[in-house]
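In the two complexes below, chain A is the common chain; its partner is chain B in one and chain C in the other.
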Partner chain A sequence: MILQTALLIGVVLFSVLAILLRDLLKSAVSLAVASLLLGIIFFRMNAPYAGVFEISVVAGLITVLFILTITLVHKGDEVRESRLANWVFPLFFVIFVVIDALVMKSLLGKIPALASGAETGTFGEVLWKGRTLDLVGQIAVILAGVFAVLALFRKGDKHE
Partner chain B sequence: MSNTWFYYAFFAAALVLAGVLGLLLKRNLIKLFICIEVIGKGISLLLLSTGFAKGSILTAQALVITYIVIEVSLVATALALIINVYRTTRSLDIRGLAKLKG
Partner chain C sequence: MIILFVVLPLVVAGILPLVGKLSRRVLPDLLANATMLFLLVYGAVAGRALIAGGPVLQQSPWLGEAVNIRLALDGFSLFMLVAIALVGLAASLFSIDYMEHYGAKGNYYALYLVMIAGMNGLVLSTDLFSVYIFLEVAAVASYALVAYGLGRDELEAAFKYLMLSVVASAFVVAAIAVIFGMTGSLDFAAVAAALKELNAGAVVGVAAAFFIMGFGLKAALVPFHAWLPDAHPSAPAPISAVLSGLLIKVSGVYAMTRIFLGVFGLTPALSGVLMLLGAVSMVVAALLALGQKDMKRMLAYSSISQVGYVVLGIGIGTPLGIAGGLFHLFNHALAKGLLFLTSGSVQQATGTRDMDDMGGLAKRMPVTAVTNLVGSLSIAGVPPLNGFWSKLLIIVALVQAGHPVFAVIAVLVSVLTLWYYLIMQRKAFFGKLNEKWAAVKEAPFWMTAATVFLALLCVGIGILFSSTVSTWVQPAADVLADGVHAVTGSWGF
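Up next, the complex of A and B:
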């Protein structure tokens, strides 16, 4: 439990760092570290497939995409952030974490317990038989993403 | 079981709030997108921890994998959009978008 707590604190810490750091490259790397820690947490919660996806896709592929974009928009660091953010963010974050710690337990107690049958079979059976429609949706989403990127990087017509 | 659920939900809520606060306070488009990613991390942690606490980890895993696939598609599209915005406005400042007309 101590290791799990340390990992969860690490995820929150690196996520907050990713938001607060001025350098975009450092932000992207912080986000990747947070994803890596989250992947390890998934592994420890007996969810190896989700952990593998989190580490390989989110910590790997998405970070590469972020770094590629940051190198393409090399003047991006010059955006002037509001000074308000420097003290409002930590202040509200600490206040919320305190409230969160005080009320979350009673809040969860008010959620009616849903009756769920015990799961049987392997992960493959649940994914391919139980959530088949999800897979169709995933294919549709991937195709939508591909066509959107193609449309956004389409070269202008010659007559324009 | 509910004790561990409370424990994970606490950290998931902290992640979501950090993302929302960042969305409200930051002006850099890439930074705003990083905030959306942080919110997504909180949501996937909550999904998996709920499955873990309620004894349906396999379904929760399937949902998290679906979410990750959607996330990749979203990231690719949004970053392409950000590059196009940068080409048009020569800036990543969100306030520059308010000046666009037409």
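Up next, the complex of A and C:
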């Protein structure tokens, strides 16, 4: 229970840092740490596949892409952090911990246990057979992303 | 093969950028418009035969293996598919001439068809998570399309739209997670059955609130509307037409209606919230539209106001109210599509969207002026145009259901609507011709053809309203009314 709470607090802490930090590099690393902690929570809650994806794709692959892009366009000068972060962050953090301690414990008991779904089976079966329509949707999202990059970074005859 | 509605536009979208390298104009124009025409004909002709014996649930194989690609076609989804194909075809015809100077037409049509595929997928899916995925497909394509002009305004509007839309998606996912956590299922029918068994009113209330915030943002209901008056005017005209005419309705109103009426059951509390949101949107957005100088911005505010009518009608929950709401959704899709397209013609001819700057354009652009007038009168609810009948149905349903105050508000907002549309007519098209526009010419052929097509539909449906209602709207409303009847559970809010 204590470890779980610590992990949750860590997720919130690093997520907020990722938003508040002005240095993009530090911000990207904070995001990676947050999703790493989230991945660990997934593992502990018996969702190993979600954990693997969270850690490998979100904490790993996407962070690499972020850091690569940031270093490619980075000017190299120091970024001054916002003074707002100095007091908003601790305040937010303390409020969160207090609410967490007061509310979560009683609330957790009230959430009904997850009913076992019809879509059970191995991970492969669920992904490829149970949720195939979602895969079609994901192909469409990827297509949209690729076309968006092609369209928004097009050269030449652009609209005045 | 219901899956064609999703797969065909996706496949064509996949090859369009390559085709665009071979032929810069003709082939992309031809392919995209042929696809839209096929979807329209297929939906209007084959679709009705398919659902003649009741809703169809099709399971498609994937490379010969039986996998779970389940799509459902019933009266409501077919109605939406035909609306998407009609306005989508008009906008893609308009794009032939309008998108000429933007460049990269292959890419443009590719994004356009992905957006259409996303909307079709959302309309056909039978499960909560698929709704979310296709919501995102249409949304991601639309962010890029809003920014397509690459100007400062366009990029800023697209960014604002992206940020608020992401918040909306987060609420939708949170609601889906709550529902999944409680029922262990995502399928509409299974969730509806499980919720009936489960006595968890408070948690369903939380999920419903999340859905209202998420879909309310997508549908741009007041107070979730801030992004729309920036995003819709900044997009290229055919995209504005599709966003205002279709996207806010499919990803906002359709999804909300399908889930609330078919899965949760429309409880009196939920019905009250929807009606209130609808009425507030109608009034506030109509008042905001009155003060606008930018033609497209005024049309954008008008969209919020008219979506308010749709939500008000559906929120009543009676068969007549639902039919009126859906009919207005369809009519507004046609008329607002038409108005955005004509505003694009005007903007291309004069280079401005400021109505104070225009004046007397009817003398130079007679077809555009007449079609614009048809669209304006239709939305304002002037008989015998289509908008009149749908507003009448909503008002009659309000009176029948014992909501005279809402009925009076609906009539008064209709007067306000007529007022601001007449201001637009007077400033832009009538009066003395501004000398600046002496050399202005009528819009090119395809742009005019697209607007005439929609204007004829507005007039035709107005005259043949009873057969339109009985063939297209009533089957859709029946599905929803049956849903309300079947799943209204006993949990309280």
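In this section, the second predicted complex is superposed on the first by the 102 of 160 C-alpha atoms of A that agree within 3 Å, B and C clash if a C-alpha of one lies under 4 Å from a C-alpha of the other, contacts with A are read in each partner's own complex, and residues count from 1 in each chain.
Assume contacts are C-beta pairs under 8 Å (C-beta built on N, C-alpha and C of every residue); 3 or more make two chains touch, one makes a residue touch a chain.
This structure is a prediction, so every number in the text was calculated from the model and none was measured.
A.B. asks: With the two structures laid over each other on chain A, which partner does A:F92 touch: chain B (first), chain C (second), both, or neither?
C.D. replies: first
A.B. asks: Now for A:Q138: first (chain B), second (chain C), both, or neither, which partner does it touch?
C.D. replies: Touch status of A:Q138: both partners.
A.B. asks: Report for A:A50: first if it touches chain B alone, second if chain C alone, otherwise both or neither.
C.D. replies: A:A50 contacts chain B only, not chain C.
A.B. asks: Which chain makes contact with more of the residues of chain A, chain B or else chain C?
C.D. replies: B
A.B. asks: Looking at A:G130 after the superposition, I want to know if it touches chain B, chain C, both of them or none. Which is it: first, second, both, neither?
C.D. replies: both
A.B. asks: Which parts of chain A are in contact with chain B and also with chain C?
C.D. replies: Common to the two interfaces on chain A: residues 114, 116, 118-119, 130-131, 134, 137-138, 141, 144-145, 148, 152.
A.B. asks: How about chain A: which of its residues touch chain B in the complex?
C.D. replies: Counting only chain A, the residues touching chain B are 8-9, 11-12, 15-16, 18-19, 24, 27-28, 31, 34-35, 38, 41-42, 45-47, 49-50, 53-54, 57-58, 61-62, 65-66, 68-70, 72-73, 75-76, 78-82, 84-85, 88-89, 92-93, 96-97, 100-101, 104-105, 108-109, 114, 116, 118-119, 121-123, 126-127, 130-131, 134, 137-138, 141-142, 144-145, 148-149, 152-153.
A.B. asks: Of all residues in chain B, which touch chain A in the complex?
C.D. replies: 2, 5-6, 8-11, 13-15, 17-19, 21-22, 25-31, 34-35, 37-38, 41, 44-45, 48-49, 51-52, 54-66, 68-77, 79-84, 86, 90-93
A.B. asks: Which of the residues in chain A end up touching chain C in this complex?
C.D. replies: Contact set of chain A toward chain C: 111-112, 114-119, 128-134, 136-141, 143-145, 147-148, 150-152, 154, 156-159.
A.B. asks: For a test of understanding, state which residues of chain C touch chain A in their complex under the given definition.
C.D. replies: Against chain A, chain C makes touches at 6-7, 10, 13-14, 17, 62, 65-71, 101-104, 107-108, 110-111, 114-115, 117-118, 121, 125, 127, 129-130, 133-134, 136-137, 140-141, 143-144, 147-151, 180-187, 190, 194, 198, 200, 203.
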